[in-house]
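Two complexes follow with chain A in common, the first pairing it with chain B and the second with chain C.
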Partner chain A sequence: MKLNRQFSRLLNGWMILSIGIVLLILFPNISILINFFTQETSNWDHIKTHILPLLIQNTSIIMIFTGFFTIMIGTSLAWLVSAYDFPFKRFFQWGLILPLAIPPYIAAYTYNGMLNYTGVIQTGLRNQFNIQVDQRYFDIMTLPGSIFIFTLFLYPYVYMITRAFLANQSAALIENAKMLGSNSFEIFFRVVMPISRGAIVGGVSLVLLEVLNDYGVVQYFGIPTFSTAIFQTWFGMGDLNAAIKLSATLMFIVFFILIVEKFLRGRKRYSYTAARVRPLTPIRLTGWRAWSVFAYAGIIFALAFLIPVIQLVDWMVLTYDKMIDPVFLSLIFNSLFVALAGAAMIVIFAVIVANFARTQQNWLSKASTRTIILGYSIPGAVIAVGIITVFIQIDELLFGIYEAIGLDPTLILSTSLFMLISAFVIRFLAVGFNAIESGFDKTGIKFSEASRTLGMSMTKTFFKVDVHLIKGAIFSGFILSFIEIMKELPLTLILRPFNFDTLSTKAFQYASDEQIHEASLPSIIIIVLSGIAIYFFHHVVEKEPD
Partner chain B sequence: MKKQYVLFSIIAMMLLVLAACGGNNNEESQNNTDGSNTTGDDQGEINLYTGRHYETDQALYDQFTDETGIKVNVIKGKDDELIARLEREGKASKADLLITADAGRLYRAKTQELLQPVESDTLTNNIPEKYRDPENEWFGLTKRARIIAYHKERVNPDDIQSYEDLTKDAFQDKVLIRSSSNIYNQSLLASLIALNGEPDAKTWAEGVVDNMARDPKGGDRDQAIAVAAGEGDVAVMNTYYLGKMLNAEDEEQVKAAEQLGVIFPNQDSTGTHVNISGIGLTTSSPNKDNAILFMEFLTKEQAQEQFAKANYEYPVNPNVAVADLLESWGSFKEQDLNLSKLGEFNNEAIMIMNEIGWK
Partner chain C sequence: MYIQIKELSFSYGRSQKPIINNFNLEIAKGDIVSILGESGSGKSTILRLICGLETPVCGSISINKQMMSDGRHCILPEKRSIGMMFQDYALFPHMSVADNVQFGLKHKSRKDKRKRVDQVLELVNMSDFRNRYPHELSGGQQQRIALARSLAPEPSLLLMDEPFSNLDADLQIKIRNELRDIIKATGTTSIFVTHDREDARAIADRIITMREGSAYEWDSLCTIDDLTEPALVD
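After this line comes the complex of A and B, so read on.
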């Protein structure tokens, strides 16, 4: 009786939709994971003895250092921008997110193109001053070099989330600390870092998942990591089973990160009870203090955005005349189309599951939220295989229907854009979901509960109350997913329909053929479009608590 | 005021997306019906999966469409991913043709029964036997030689005449070669396994690793640049990369490439390692006749000339002259090996590389 009532309370539209979404994500992954339980192959023995130790070592080093540096840079910038006024601060507020617009693999090619023997720096020294330098000091294609690239182009995740938190939440605590006589360093390390723990951990876990999933940078730099090894065993040795075992090992690491994340965020829920929170009032810095803060933010901005973009523009000038044609315009349209459609679907799905999960705290909702992260944690190419398998099966099931409505019984879904966009949803749902979940976390459940008590249904409450409270979060989720899809590579490469190119497939095509100059134009356009998205994001979301 | 603005812009964007979705679906279904109508006509289309990404290839496809009226639909990707996609699509696949940039990959597609034999006198006449599958399931289109580039001032070319010379003590810390994940190196080692046996090939690979100037990284061009920069003295690379560097828009690449000389290794013994990019007809091909026409078109003299000139590759058709630059490097003796061996020994090559720590 009790069980029955509990079940009927659960059973509503939100739950059914959520379960549907979770299944959508689960199916492709199951079709891959089933292979995990098959017998070990001889290749797996070989991998275990010869390459696995190195993979674990390299991957751990990259993750630890990238994690550390992104936390330091991201949090310190977030703090400076929130708590102080200094020259060009208004620009830096959003300018410091811009590095997110540059795909790390393009950054890697660009930095190497600048620093290597034929690059602008060494040629300048050689031709102007006749200085030959030791190559070792200019070699970025190393393990530390990859940490440099990942740090610079991924720190905005930490910066963004932490800053949003600090701007809205911390005024009272920080002002108290100040009154009690703490100096700014003490405040940063003893108040700011601990209270923004949740935000920092959320940001850095996104960074680490991006790092684990990266293929472009480590492959170009020749650093064996899990993602390169998965590709090599699957494609090189033709052994999907061994590749999946590697993926599964990687997934354990990911789950570990996610559990640690939940644990570190702790049981505390930071939600505010007042409808209005007092934002932090920035202190105006003057003199050398102002300019040194400016210099710090400026150097990071220059390294992570300005310099690589100038280099890319320089290369673009060399090649643009032979690149621009009507076909090129279609690339821009294609990229925008899949990114907008994908991001829209992601936020809709994410809102549904997040709302289900927070209103009904039970094993089912918990399982749903964990499943959503799955897509983000498995390398794109591996997901792609799962997705193709599932879509071909769906197509085969639908052959009868195709015939009934007068179409050829061939692969229709699995050769259409629908498959690609679904793939983006599966892959990046976690990105939108994280943003929206944290929006819900922040507002808490008090207002919705009040609305329910006053007699509105869950769905009505959602549209009348919740959407208004979290629209900033919905928007961030949309923009972040948009940017991710613009930059995405392996899924787009494998799953796109015939004659369908996007900016990122074009940029990659040139870069992988070692024609980095030709790759600059599509890269620049990716950066500009994502940059506009970031600007828009900042100006709409920033001004929201009005 | 602002709240409404945000909400409005969200709704507007969703509507836009929905409209675009709807529009696109219509367009697509139209395309589909168009496609099924025209396949019966004398024009039709072919669907191509290709691992070659050069702009010049597109020009060839356009030329084919101009001549025959047959439309060429293309999906570009990495060789391995395209093969994985073909395998998953199985019988229902719409792909007619697979082009890869490595013979070993075509061999793998064949062993996975993704390709079917093609009986065509044009193809067998245009392509020498060793550049095609013994059962005619795949055919080479262009050749590339894996050569040794040396620094003209620092190296006496007499010292470096074979792949084996790379392992000599004289080149301790002087050898530049890319990582073992690179298919060209895997195929090079596979060819040495086929010619000299596994123990010898393994010893050779160990010698190369011992002599490496640095941990392998970057592409073929990066190896050449590292020689110019003095990080090492000799680099293993494909011919067309050097050709492209010498003709690059970037003056510095040209200057770097000009410091290098070319050695075709093993002229007195087993010959220089040659790989191909090639094409195969898929098992499921829905437009078989058109696809074979396209294969024949690519091996004819006109198309072969274009391949050779635009991309500094060697044509497989022996009647076609090579580009002037390649001409200036002279003719050379090739490994006497059917290229399907590259696929047969690929797995062993990777295992050796992992075991001896070729990163």
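After this line comes the complex of A and C, so read on.
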């Protein structure tokens, strides 16, 4: 009786919509897991014995080394920036996040363009100094090359999270260690690294999930991994079933990472919520120490942002006049259209679930938020496979209706833009959701409760009160998901309707067709938009007192 | 009795220790009752249960013979017409004073709404501030607006959660006498929660103490410090 009453109290439009949204995210993923256990095809047999070991080997090597190097670079930079003052530190604080504005696939072909035989480095050496280099040392299209790219362009995840942790949490421990006479190196390895473990694990698991999600880098470099194999079995062999099995295997790896993350993070909690947060007071470095720290941060910034951007601008200057034509404008229009539509849907869905979750603290709302976060961990190629199987099934169910309204009973939904946008929503809902949830957290529940006691229903309260109070968070969520969709590659490549190109797919296509100069303009547009968003969120927003 | 609360119990989560345990209370129409208790004694939770922001595990609440909550149904907070004044006032920061006060007025013409807003602003002596925003008011002024906002829809019951906790000590003494006069002038039945004995004595017709989730009653005419052994209600 009690349960029944609780349920009827919960049962309102917000809950029903939230459940609907959560199911939308779950369906494609579940359909993959279920189909993993269906009949094996001969292709799968072949893949399993001849290709899968190689995929697992490559993926593991890339993950282990990228993980190691991003931890080293990200944590050391976070520590230097938090604990010391050195030249241009204020710039580096947020400048070191900027590499995130460059999607790894763009970095991959930019670096290859710089380093190959006709690139600026080798031609410079040949023409100016008459030096012929051994090509082996300048070939970046290798497994180590991909680790280099992933490390440089993904380390900011570790840097960002660790820096936030060190800035707020660590002062007492580190100052104690100093007073006990530890030197800087000891402090870094024996105090900073262990106490920031939670933050580091959080950052590096984001890096690893990005690595698993990547299609552009490994495809361009010709390294077989899960993403490329999923594409190949599907488009090359036309075997959706085998693609599903590969996707499911990849999903198990993702779950494994998430479980390990939870385990590594959850056992000990190194945070002091009870104590008043006191920021770490930085020590001013002078002389060679100051300049060597500056040089370290400067080199990373140059390699991971400045140099590739200068190269792309150089190529853009060579080509922009013949690039800008109606076809290119349509690319911009397409990109803007899918990103705006996707971000709008994400924000609406995120607001619905976040509002439901904060008003009803129960297992259902907890499960809903977990599911949404999960969507962000699933690699693009897997979501693509999942969503296309679901959409084909929906189309088949609707054949009768298509005929009844005078349409050909063909695949309508599963060849439409709607499918692509739904996929974006599934993959990036977490991005918008996190922004909006933190907005709700900041304003708290009291205004909504005040409104309820003044006679407004939950929905009226939402429109009259809540929306006004979380405007900023809604805007943040919108911009962040907009940028993610603009940068996105694998989902767009797989699910776009025939002849539909966006800035990212076209840039990748140009680069793959050895038209590297033509790839620069769309790449620059993507980088500039993402860069503005990063500047805005990490420079402007962080400075605000609240 | 106008308000009847019977055998009310509440806990967060099933296995948790009950915060409210077999709580009983009856209030006559027009009375001001104070619930006095230490922090964590569950006194704020009583208010949240009465206005419907929490659902009780068992027990019943009725106001003016209308059942608000019992074993079978539980009326939503917006349908109860109970006014609540929150501890930190919760004035909507994006609305002016007049909009805040008007917020709870429904089913009225624009003219009537304006009239009612003028009326309650006058009651709390804040007529000159109708176009200000909450952040432009002092703590005491915000408190009066919060009172005006909860009184505007003519609630059948007014709840106040630690109404003086955000005020300076001198202001507190001045305002609590004013508050009693205003509430008595409207004849609104009220329950207010406090940890301060002096507040309770200054305002209330009756004082209830909360201890481990149950209610004990004192006669407010006695000196509270004399009463070490409270008598159990019922």
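What we mean here is this: the second predicted complex is superposed on the first by the 343 of 546 C-alpha atoms of A that agree within 3 Å, B and C clash if a C-alpha of one lies under 4 Å from a C-alpha of the other, contacts with A are read in each partner's own complex, and residues count from 1 in each chain.
Assume contacts are C-beta pairs under 8 Å (C-beta built on N, C-alpha and C of every residue); 3 or more make two chains touch, one makes a residue touch a chain.
None of these values were measured; they are calculated from a predicted model.
*Asks:* Looking at A:Thr359, would you say it contacts chain B, chain C, both, or neither? Reply first, second, both or neither.
*Replies:* A:Thr359 sits against neither chain B nor chain C.
*Asks:* Once the shared chain is lined up, is A:Asp513 touching chain B (first), chain C (second), both, or neither of them?
*Replies:* In the superposition, A:Asp513 touches chain B alone.
*Asks:* Of the partners chain B and chain C, which touch A:Leu469 in the superposed model: first, second, both, neither?
*Replies:* The second partner, chain C, only.
*Asks:* Between chain B and chain C, which one contacts more residues of chain A in the superposed model?
*Replies:* B
*Asks:* What is the contact status of A:Gly455 with respect to chain B (first) and chain C (second): first, second, both, or neither?
*Replies:* A:Gly455 contacts chain C only, not chain B.
*Asks:* Looking at A:Gln311, would you say it contacts chain B, chain C, both, or neither? Reply first, second, both or neither.
*Replies:* In the superposed model, A:Gln311 contacts neither chain B nor chain C.
*Asks:* If we overlay the two complexes on their shared chain A, which of chain B and chain C does A:Lys446 touch? Say first, second, both or neither.
*Replies:* Once the two structures are laid over each other on A, A:Lys446 reaches chain C alone.
*Asks:* What is the contact status of A:Ser530 with respect to chain B (first) and chain C (second): first, second, both, or neither?
*Replies:* A:Ser530 sits against neither chain B nor chain C.
*Asks:* Going by the contact definition given at the top, which residues of chain A touch chain B in one complex and chain C in the other?
*Replies:* Of chain A, residues 468 contact chain B in one complex and chain C in the other.
*Asks:* In the complex, go through chain A and note every residue touching chain B.
*Replies:* Against chain B, chain A makes touches at 46-47, 50-51, 112, 116-119, 122-123, 132, 135, 139, 141-142, 219-224, 228, 231-232, 234-238, 318-319, 337, 340-341, 344, 381, 384-385, 388-389, 392, 395-396, 407-408, 410-412, 414-417, 468, 471-472, 474-475, 478, 490, 493-494, 496-501, 505, 509-510, 512-515, 517, 540, 543-544, 546.
*Asks:* Within their complex, state which residues of chain B touch chain A.
*Replies:* For chain B paired with chain A, touching residues are 2-3, 5-7, 9-10, 13-14, 16-17, 20-21, 24, 28-29, 32-33, 36, 47, 53-54, 73-78, 80-81, 84-85, 88-90, 92-94, 108, 178-179, 181, 183, 186, 214-222, 225-226, 228-231, 241, 244, 249-250, 252-253, 255-256, 346-347, 350-351, 354-355, 359.
*Asks:* Once bound in the complex, which stretches of chain C touch chain A?
*Replies:* The touching residues are 51-53, 55, 57, 71-74, 76-84, 86, 88, 90-94, 103-104, 106, 149-150, 153.
*Asks:* Which residues of chain A touch chain C in their complex?
*Replies:* Answer in residue numbers: 1-2, 5-6, 9, 446-447, 449-457, 464-465, 468-469.
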